[in-house]
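After this come two complexes, each holding chain A, first together with chain B and then together with chain C.
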Partner chain A sequence: MNESCRVETVRDGDLAVVRTEGYINREGGEEIERCVQLLLEGGVSRIVLNLEKTKIVNSIGISILIEVLEKMMERKGALAFCRLTPTIDKTFRIMGLAQYAGIHSTEEEARSALSATA
Partner chain B sequence: MAKEVCLSIPSTPGMELAATAQAEALGEAMRLSRDKIDEVKFALVEACINAFEHAGQSAGQVDLRFRVSHRPGGAEMLEVTVADRGKGFDPERVEPPELERKLRGGGNKRGWGLKFIQSLMDEVEIRSTENGTTIVMRKYK
Partner chain C sequence: MSPDGPASLVPRIREILTAIGEDPGDEDSLLARVEEAAAAAPDGRSSAAWVAARLLGRSLKETRFELKERVLELESLYDLGLSIGGQLDLDRLADEILLRSISLTNSRSGALHLFDGDRPILSRAFGGALLSPEDAVRLDVGTEGAINNEAGTLPTSGVWLSECEKCLVVPIQSETRRLGVLAVADKETRDGTIRDFFPSDARLLTLFATQAATAIETARLHREALEKERMERELEVAAAIQREILPREVPTFPGLTIAAENRSTRQVGGDYFDFFPLAGDRFAFVVADVSGKGVPAALLVSTLASAIHLQIEDARTPVELVERVHRHLRRFSRTRKFATLFLGVVHTPTGELQYVSAGHNPALLARADGAIEWLPATGRPVGIFADSTWTEERAVLRPGDRLCVYTDGITEAQNPVQEEFGTERLAAYFSRVAGLPVREAASTLFGEVLLFADAAPQYDDQTLLLLARDDAEPGPASESA
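After this line comes the complex of A and B, so read on.
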């Protein structure tokens, strides 16, 4: 039984949206990390992670998202999350993630918040 | 009368989703809210991952029991038990994870599983010996 994670990226200048679909486990997290790394190498400094089509994550996938956030912070970039399920939203807030990355209801709201940091 | 389902899954990444499918079916049958079902599924994934890691490939199977019953006083609840035959651990010695330290200190970003389980479920009991660990998690309707 497996539910692989697919990742799509859309770039707009130095801002990019990364949309995920499926289970963010170790493999899903690593795929997101790989895509983010390519974006960073290409000059992107602000990233919105849209989890609308991800209904389940695990702590291994989350640990890789922390590595992504760490990488963004090292580069003085910014990361924001949007379209989280109520449970994923709750989990991220339990971790204190909202202190380091925006958590937004919509992709537009997340993009606007990151644009304001430019 | 309590309803009970028992399931044994291989200690293999990905098999936690077989467990969550069972939790979802029972949660829907007892008309637990969608958010509560999702919280049970999330906690269950974490309990299974812990069991896989503590049990290791050699310890083979992880045993699950799903039980719908009533707590004293009446409220219906879903109780999920996850048991492995691994080497066990001391829950008292698990250091609470801190994001600040994980972000600034480099190194290991893991260690969130127990915190998630305890935060998302209404009641959690952990019994661990050198012969294995059993986690009992309850969610009230």
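After this line comes the complex of A and C, so read on.
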């Protein structure tokens, strides 16, 4: 199994899609945090986090994602998740991430939801 | 803002936190927390109340997060239980168990190894090699598991867990045996350090290991059920093939009445009988019993039947046919399986019988006048010894005589006290049923054997071929049981 988290970004105006691959633990979470920080500084306000290639996430990674979400909200931005495994989907709902960010089946659906908030 | 800076707020904050039951921690850590909270104050105007509220807010947030983590652990155990109930793919279950174990203990890596005795059967690793399958087999962590928060070596076994600082290993075991091990390593923290595993981590991992053991046992039972089903299907196919080998109906020959029947104790058996019309008012019949049981025996029956069918046209005498069959079996049955067989050739107008008995049970000739004669073996079974020879014997079936050729499943049928039906009972039976039509006499014999066995399980096939010379007996020419 591939474990180290890699992040790929595709920007479209003030919306960006961040695709992750691998374990979202402290290291993976911080990689996402760095990436989001750069996007925010570059004028992006809406971010889709596509976790299609992530099969595992731990609570340290979740706490970092919560910090990322808080930062987005402070800046009046919005974040949405998509392509979660059933286990990660349930984890995010239990840990409260779904309260602040939408969870969608597809990237397109997540982009549409964020576009509606613009 | 306090004119003396955040440090001046520390005693008051300590008082507030202690009063509401919060642990303020040591002086340095409290000062650090106070400074951090004060720095976030709007317009830099921090007060003791503001800083205390900020610290309590954070503490509440952490407590709620930890509570959600416990809910997540319970939900994971519940989900895994459901997965085990509905998921029989051991590979996928192993992945799920390993990933959940790593995730819920905040570990960086992990491994799951399953073995059958000393043989590794499934290995999964995440985040590094950690533990080889061979080391997993010899790893002794007792029944409780082991936490090693000091280094990568587990004290009980000396097995080195590579690529990790701290590890936690628990056994996966059923009630009677060890099925594998589940290991996680390097519990991480938010600040990037590796912390000790807690006893609660060991308890959680043990619960996962218990779930894994249940899954493995369930998957094993499922695999065995599938294997049994597959074998049953194969047996059904083999039985169908064998039914095609045995004649569907008994042929008719002028002046003779014949009944023949085979009863297998398994779906496929090792008995065989057949008839072959020959030129010159003659016909041949064969009754055979091959060694072994089940599918291997059925395959040998198939080989034997093919050999007889192939050779019967070319063989000039019964002995030559038996010799050819013998050579054929030796050539094509590499496992040196063998068969006993009784081969008879009857001249229908005269009732003259030529026969070769290759190690077969003595055939019974019940004369019309009530006398019983036995036709013993005239050589060894076919398929074993290269130097075997056979002789041909002759007898004459007079009107009213009955020839009974059978397999040992009949005479060696046992009752609950291990007595055999035997040749004496067989002879007595034929003396008693002399007046019965041939078909009835044949089928009643099976009933007689069944009655004698008194529900004791039988392990050998039973075959009977009963051939009667007409005249003394009215009725149809031939009968098929």
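Note that in this section the second predicted complex is superposed on the first by the 116 of 118 C-alpha atoms of A that agree within 3 Å, B and C clash if a C-alpha of one lies under 4 Å from a C-alpha of the other, contacts with A are read in each partner's own complex, and residues count from 1 in each chain.
To be clear about the criterion, a residue touches a chain if its C-beta (ideal position, glycine included) is under 8 Å from a C-beta of that chain, and two chains touch if they have at least 3 such contacts.
Fair warning: this is a prediction, and the values are worked out from it, not measured in the lab.
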Side-by-side fit of chain B and chain C on chain A, or clash: clash
Partner chain in contact with A:Ser59 - chain B first, chain C second, else both or neither: both
Chain B versus chain C as contact partner of A:Thr91, first or second or both or neither: both
Partner chain in contact with A:Tyr100 - chain B first, chain C second, else both or neither: first
First (chain B), second (chain C), both or neither touched by A:Leu114: neither
Per-residue contact with chain A, leading partner among chain C and chain B: B
Touching partner for A:Glu70 - first (chain B), second (chain C), both, neither: first
First, second, both or neither for A:Tyr23, with chain B first and chain C second: both
Single chain C stretch clashing with chain B - from 4-12, 22-30, 40-48 or 76-84: 76-84
Doubly contacted residues of chain A, that is, touched by chain B and again by chain C: 1, 3, 23, 25-26, 55-60, 63-64, 87, 90-91, 94-96
Chain A to chain B touching residues, read off their complex: 1-3, 23, 25-26, 55-60, 62-64, 66-67, 69-70, 73, 85-88, 90-91, 94-97, 99-100
Sites on chain A touched by chain C in the complex: 1, 3, 23, 25-26, 55-60, 63-64, 87, 90-91, 94-96
Contact set on chain B toward chain A in their complex: 13-18, 20, 35, 38-39, 41-42, 45-46, 49, 97-100, 102-103, 106, 108-110, 112-113, 115-116, 119-120
Footprint of chain A on chain C - complex, ascending: 64-65, 68-69, 71-72, 75, 79, 95-96, 99-100, 102-104, 106-109, 124-128, 188-190, 192
